[in-house]
Amino acid sequence: MKFNRVSNRSFNQLRDFEIIRNFTNQAAGSVFVKAGNTYVLCTATIVENVPDFVKKHVDCGWVTAEYSMLPSATKIRSNRESVYGRQTGRSQEIQRFIGRSIRSMFDLRLLGARTIHFDCDVIQADGGTRCASVTGSCVAAFDAVSYLLNNSLISKNPICNNIAAVSVGKSKKQLLLDMDYLEDCNCDVDMNVVMDSKGRFIEIQATGEKSLLSRDDINSMLDLAQEGISKLINIQKECFN
Amino acid sequence: MKFNRVSNRSFNQLRDFEIIRNFTNQAAGSVFVKAGNTYVLCTATIVENVPDFVKKHVDCGWVTAEYSMLPSATKIRSNRESVYGRQTGRSQEIQRFIGRSIRSMFDLRLLGARTIHFDCDVIQADGGTRCASVTGSCVAAFDAVSYLLNNSLISKNPICNNIAAVSVGKSKKQLLLDMDYLEDCNCDVDMNVVMDSKGRFIEIQATGEKSLLSRDDINSMLDLAQEGISKLINIQKECFN
Amino acid sequence: MKFNRVSNRSFNQLRDFEIIRNFTNQAAGSVFVKAGNTYVLCTATIVENVPDFVKKHVDCGWVTAEYSMLPSATKIRSNRESVYGRQTGRSQEIQRFIGRSIRSMFDLRLLGARTIHFDCDVIQADGGTRCASVTGSCVAAFDAVSYLLNNSLISKNPICNNIAAVSVGKSKKQLLLDMDYLEDCNCDVDMNVVMDSKGRFIEIQATGEKSLLSRDDINSMLDLAQEGISKLINIQKECFN
Amino acid sequence: MKFNRVSNRSFNQLRDFEIIRNFTNQAAGSVFVKAGNTYVLCTATIVENVPDFVKKHVDCGWVTAEYSMLPSATKIRSNRESVYGRQTGRSQEIQRFIGRSIRSMFDLRLLGARTIHFDCDVIQADGGTRCASVTGSCVAAFDAVSYLLNNSLISKNPICNNIAAVSVGKSKKQLLLDMDYLEDCNCDVDMNVVMDSKGRFIEIQATGEKSLLSRDDINSMLDLAQEGISKLINIQKECFN
Amino acid sequence: MKFNRVSNRSFNQLRDFEIIRNFTNQAAGSVFVKAGNTYVLCTATIVENVPDFVKKHVDCGWVTAEYSMLPSATKIRSNRESVYGRQTGRSQEIQRFIGRSIRSMFDLRLLGARTIHFDCDVIQADGGTRCASVTGSCVAAFDAVSYLLNNSLISKNPICNNIAAVSVGKSKKQLLLDMDYLEDCNCDVDMNVVMDSKGRFIEIQATGEKSLLSRDDINSMLDLAQEGISKLINIQKECFN
Amino acid sequence: MKFNRVSNRSFNQLRDFEIIRNFTNQAAGSVFVKAGNTYVLCTATIVENVPDFVKKHVDCGWVTAEYSMLPSATKIRSNRESVYGRQTGRSQEIQRFIGRSIRSMFDLRLLGARTIHFDCDVIQADGGTRCASVTGSCVAAFDAVSYLLNNSLISKNPICNNIAAVSVGKSKKQLLLDMDYLEDCNCDVDMNVVMDSKGRFIEIQATGEKSLLSRDDINSMLDLAQEGISKLINIQKECFN
């Protein structure tokens, strides 16, 4: 393969992916994820309450996510959203993506009338923050559920699947797995994929704003995503040993 | 096919789709779209200015979209976002989707230093509002560009592709094209697809929050989307005759 | 009369006024009003709840209005209020005017503990939007009350009066009924009048910011308003046949 | 006259009206107005700048007003608007009324490219705050213009008229001039009138939300307003002696 | 002492300090304070409710403060916070300072389940507004508590201490008591001190942003503050005679 | 000493204090501080621009700080300020404290027309977050200035002092240095002190909301603070070796 990535990775190689559990001690799950130079703190906090629209379903729980970048996470300092007065559209789009993904892991009826809040705070951004957030939040979800089980707050494990996420891009006819920020800026098409350990899909977000995608592109990109996600799921499993 | 849709449509049948051009007269393009009982007014307004991040590219234009639902568009009245004080995350996610899709139609370097604002205001909501917004905005884009050409504001057509969008769902193993609101509530998986007239993909958003998707599901759903979109593109063409 | 209006109307002639009932199907009343090139969608949505300050009056209802312009309603695109983060002072002033006017139609004690929300969304603006909103909302009010009566949610009609509104201006000593946007910009004094079918006044808003008003001016303008409003009330009546 | 006002005033009697000039020393005009128990501080501050929409008119000035109530101005403490995060619709409606009224006093082309900000802060509210704000701001306007003339910032007096404002109500067939808060709560119809010293009208805001107004009502109320305003204009004149 | 203050005060001399009780009549305490040219209206309004975090303590009350400057209080007009959409950080810092200070006066368990809101609105600003706010609010607190006792709403006086506040600065090695605005701008270090009548400290806020403070500086400044505060407490006492 | 702290520290013992430099790589200074279980990421980002009020001073720079807590930093999840729509008063008070402290380190005229933004994001909160923020930001300031010097963006070191901060409390007559959260909740008086390496004071914030402070208390607390700060300054120095 004659293509060279700045990082010397091969096209189907993930960045070094590190998972640090129990990074902080207040939340039931607290996972610091490093995907190359992308660092995200994913915490799972249990609140004994559910939103109004869930209340009509007796004993049903809820799972939700919030996403934010620290101002200093990027080369050019970004505005602090709380100072600006609201979240950007990008943050809201991403946190909805994370929320849907993590909710798919759960049988909410087994969670009891409580909410697990997943907070994904990007400490350093070098591409792939939404995927790192999903992959890390999945581990935090396991830790939060262990807490609930160990404290007899629930009797049955509400987690149905474990999931991971990865990005795939295409730059000048070359597919690229797990793009960093520079690759992301220069690629023509971009796809974020969330899958479970059995190879099933939870989310596909493909965007061909700069260059349209053929059906073949989609197939190759899904193949590559699947390859990356199965590696990530192995890394997730190892961090529990 | 033994499956019955409430609307008596077959699984691969679009809703009645009507396009009314020049619905209002202030914007350069003004298209009222009816997809069954979903009504969206899509307007294209030209502003002789570009955002700061575009200014560094000399003579380059910009295309952006905003999306909103009238409070009375839904059975249960929704809050007016301006009274509440901000857009919902859902509105922001959708308008970013529309914006990326419509931008993909354009060679922005041929647009000149101006912005075309696409405003998609949902007059009545019965499912598929984001797809109707894309399909209608595409027509409004052609009208706005005609205005620019006819007034010699640009000399070369900046539109590269024409596009349309449709939703596909799966409910109890049955695929469904162009779901209405009730079908959307009851389906397990949901996919929004934007394609151009040459069968290329601009956006795929697939969500399996309630039930995961196999690779076969994805393939069948993309097939069905492609079938629906080619019909929509024909309807778009007819409205210019 | 030597004066010529751009539209060739005589000074005491209304614009073509069209009322389309049941424009949408989710709200109990949905009226699309065209006053020349001013288009307003006026909907009446019933919510089975009242604001706190009404709750102390047992079984009393409430009527309220919200007003907004679509960004593309005007020649120069206006900012979307939800994106800007709040309603303009103008929108708030107008929706308070509409709310007071429509409330005057009702005996709120006969409405039951529910609120009727009147949403007036300006689809196209060519002057006189607040008056068109009142005239259209009056029709939507009748339809919403019919819904309540037909579904036995109330037993007695709470509507006491039917109302309509019109603007009157004075430009270079010439009185003008039902001004369009250009006339409104060029007139010296401006008056908005709401009356009922028995010739009684609900609201008078007269503004002589550019040129002060004599008592005679006021009298002539009220005469002209009365003439216009009685025509509008006839048009309202016809739309129920 | 057998009717008794709580305050023992006759129906056409103003409340004690006191004008204290130079209440504070930072603004060019600073007038503390007492209308009975209604206290308003009206200041006129000169800023050497105009809004963008005025800039196109060379050397033209601008006049604008802001209105707010202190939280403790009312019997039941009102929320501080800055803490709540925005002005109420009522505040915005009132400050637009004050702004239009005071602007009518000025030939803005004689003001130079500067803005006079009129800030009307209600220190104590007992009805008629918007009228007291107009009457007081008129005096502050004269002081601000004197400052401009004395400092040779302008050479010609831009004030064309002096104005005052008063409310008139009707309660159980009894007309009432200059209502206090209790009278205002109990009246059926309510009118705010702004006039100049020559008996011409700038603003009429009549509201018959609770009980409609006949043409005779309007005439009697305008007569009564005129009587009150000419007394107020005399009080204004005296405060300059 | 060769140093000359603009105001001809000696270094340890307070500005003329005037306290006007019952300035307005709606609040239980209403105190207009003049510290030289700094004017603050301090009102104490009783609301029969407490915030949620206090509710768990049965029959416990709460004391809170809000602070704001009128736009015309300063030489250069400041933005109205309600128009801007939020309080400045400065306002929030100051109102927290006032709130803590006034709360220290109270045994909240003797107040009953009610809140006293202290509103400090700066009518004119010439330095030392936060200290004038504390000193004035203390008087308003006594009046509000008298109201509660006189109306048998409480049986025991919840006030434990009376307090006052003063600023001390150091400018070119010269200590200055109770600085006005010009002195404040030019001083190197700045200290705000709140003490009770027994010489005990409630708040010390010392800031050496421009020039650091030695331990000796601190001691001298606290001495000077103590001297000023005991004079202020005498003035407070006199205003009750 | 018979008093026992939960942590078994003696009354004048700091928590374990760890400084990790270069925690992230986008900002010019990036310092992760651990003060016991309080974790704060302090970054210094250089922006080649200054606020308007600094622009009038040619070539002068600016230093500013922002402070925020991650929602999961506390035992009970706090609201995300960007979702709530604004910063709390507490956050604003703290970031102003940090800003003044760090600004005191600098001769801003040597910084050039640029701003250094200090972002203090609390990853885990166990008391003393504002002091840890100051102590960590001081180190980040040195790294940011090294960057400027090494890249020849400035020629002379603008840092005049190095500073650190610590809290001191008093609980049941026992003084306590560097309180953790539980101690902070239970203490009567609370003091935050910022000093430089020469024993001079930058900020003193003492609050006796629950129990007033005698002059002796103040002296003892300042002594203890001074002891703690000189230890912290040694730890800062070691982290550069």
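A, B, C, D, E and F are the chain letters, set down in written order, and residue numbers restart from 1 in every chain.
One rule holds for everything that comes next: contacts are C-beta pairs under 8 Å (C-beta built on N, C-alpha and C of every residue); 3 or more make two chains touch, one makes a residue touch a chain.
According to UniProt, the chain labels map to these proteins: A, B, C, D, E, F = Ribonuclease PH.
No experiment lies behind these values; they were computed from the predicted model shown.
Asker: Enumerate, in label order, the chains that touch chain C and chain F alike.
Answerer: Common neighbours, chain C/chain F: none found.
Asker: Quick check: how many Å separate the C-alpha centres of chain A and chain E?
Answerer: 50
Asker: Could you put a whole-Å number on the gap between the CA centroids of chain B and chain E?
Answerer: 58
Asker: Could you give the separation in Å between the centres of chain B and chain C, each centre being the mean of its C-alpha atoms?
Answerer: Distance between chain centres: 33 Å.
Asker: Could you list which residues of chain D touch at least two other chains?
Answerer: 85-87
Asker: When the cyclic arrangement of chains is written out from chain B toward chain C, what order is obtained?
Answerer: Traced from chain B through chain C, the chains around the ring are B, C, D, E, F, A.
Asker: Which bits of chain C are touching chain B when the two form their complex?
Answerer: Residues 23-27, 30, 37, 39, 41, 43, 45, 47, 66, 68, 70-75, 77, 80-87, 91, 117, 119, 121, 123-125 of chain C touch chain B in their complex.
Asker: List the residues on chain C that touch chain D in their complex, please.
Answerer: Its residues touching chain D are 86-87, 89-90, 92-93, 95-96, 100, 103-104, 161, 196, 198-210, 212-215, 217-218, 222.
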